[in-house]
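In what follows, a single structure is set out as structure tokens and then discussed.
Going in written order, the chains are labelled A, B, C and D, and every chain counts its residues from 1.
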Amino acid sequence: MTYAQRMIETNPSGAAVDASTLVECIEACFDCAQSCTACADACLTEGDVQMLGRCIRLCLDCADICDATGKILFRQTAFDAEMARAALEACARACRICGDECEQHAEHMEHCRVCAEACRRCESACNDVLTAV
Amino acid sequence: MTYAQRMIETNPSGAAVDASTLVECIEACFDCAQSCTACADACLTEGDVQMLGRCIRLCLDCADICDATGKILFRQTAFDAEMARAALEACARACRICGDECEQHAEHMEHCRVCAEACRRCESACNDVLTAV
Amino acid sequence: MTYAQRMIETNPSGAAVDASTLVECIEACFDCAQSCTACADACLTEGDVQMLGRCIRLCLDCADICDATGKILFRQTAFDAEMARAALEACARACRICGDECEQHAEHMEHCRVCAEACRRCESACNDVLTAV
Amino acid sequence: MTYAQRMIETNPSGAAVDASTLVECIEACFDCAQSCTACADACLTEGDVQMLGRCIRLCLDCADICDATGKILFRQTAFDAEMARAALEACARACRICGDECEQHAEHMEHCRVCAEACRRCESACNDVLTAV
């Protein structure tokens, strides 16, 4: 069991939406935040940093939003559906934009391929929770 | 001059939207993030923490989104209007929700009054940039 | 394979210290940041929030340091051993302090038990990287 | 009055160390976090990004630690001197390392000059609180 699963399970409030849908989204948010942080750094080392300016920038943006969204979803005290929706919609959009960018470099750079995958999974997980909220 | 002003002015990309509107929003985001962080903590010390659970939680959420939005707006490299909009819309909504909550406690707790003010200013500044983008 | 493993493996810089030691520490930092974020929230819902003020506060602090340290360790471009050490030492100390506090509540609250475990693992992983750097 | 001043003043716990020393450090931490975030971005747009890889990376690291430290110092509930010290020592070191790097580019890039100044001020403010704690 992951820490996200265990922490949601042991929270006295109980999960505000279906626990497995929620946990999948929390993990997808944090995995995406981490992948984007690492992808921005990996791009810095690549030869043509100029070309990757947009990728680095969008990865940093996406990491910030995913991280905020993961934390917001993790909190079960006095769950507020409108706050969750605000974060989830921003996160799904950020992941789409960043995923589209990383995908363009996926053939030549493995880190962009993995990061694009993390973005797609996070976008999809956010949309699943949006449907459930 | 504030650091936000100086950093936007010295950025070789130039500001993507009107510089003073942008700087006001960046500062409002970070001021709100800080106020929410401090208000959540101040609520913890108040007598009736149970009653303040919702306030603490929304302050933590709002701080996370404001902080992410402030960073995203600060980046001028390869500015992406859709990414900015995603963050700004989430931030304006988060500030409205958190500001409404803090306002309910503003009469009895000074920190909630100051925090509500920071939320209102940030919501308004986000909407100004949304119009300009 | 986790995202942390895949992102370290695909980074063109190569890991600055033994990759498996590094990945274990990055994952321990982010797991601990998440557990502390969730434990602070779970404590808010518990009956005696007053008694848990210190636990909530230390969990928020520890989450902030673990998150910063995880990101710093994830960056491989122009790795700086002194910067890594500064973060790792702070993180090991924060995890010890927070782990000691959570452990005191571990018998009565499962989320504190899981969080204490995450803190211990992270403290130990930070010390392992400190030895390797 | 800044928001940091107002929030410390209205906190029912009272400041754990001399309020003006504390507020100066909180503001220096957040100003430095913002300057480093913006400097990393500005470096991305400069011609020779390769040369600036180290500067970008250290700015991102320093921003993460300054942000965590600012939040930790802002919390007055159940203040823990050892937790504060762990963060402050890491922050002072991070600011020294990042300030030294930015200073090397200060002559040619205004954003690095401003960022170096923010780092020096933050390092000094952290040392002042370390003396007072």
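Convention: a residue touches a chain if its C-beta (ideal position, glycine included) is under 8 Å from a C-beta of that chain, and two chains touch if they have at least 3 such contacts.
In this text, all values refer to a predicted model and were calculated from it rather than measured experimentally.
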(request) Name whichever of A-B and B-C has more C-beta pairs touching across its two chains. (result) A-B
(request) Compare the CA centroid of chain B with every other chain's and tell me the farthest one. (result) C
(request) State, to the nearest whole Å, the distance from the C-alpha centre of chain B to the C-alpha centre of chain C. (result) 27
(message) Based only on mean CA positions, could you tell me how far chain A sits from chain B in angstrom?
(response) 21
(message) I need the residues of chain A touching at least two other chains; which ones are they?
(response) 41, 44-45, 53, 56-57, 60, 67, 71, 75, 77
(message) Quick check: in the complex, which residue numbers of chain B touch chain D?
(response) 3-4, 6-8, 10-13, 26, 30-31, 34-35, 37-39, 41-42, 44-46, 67, 70-71, 74-77, 109-111, 113-115, 118
(message) Which stretch or stretches of chain C touch chain D in the complex?
(response) 53-54, 56-58, 60-61, 64-65, 67-68, 71-72, 75, 77-78, 80, 82-83, 86-87, 89-90, 93-94, 97-98
(request) Spell out the residues on chain A that touch chain D in their complex, using ranges where they run on. (result) 41, 44-45, 49-50, 53, 56-57, 60
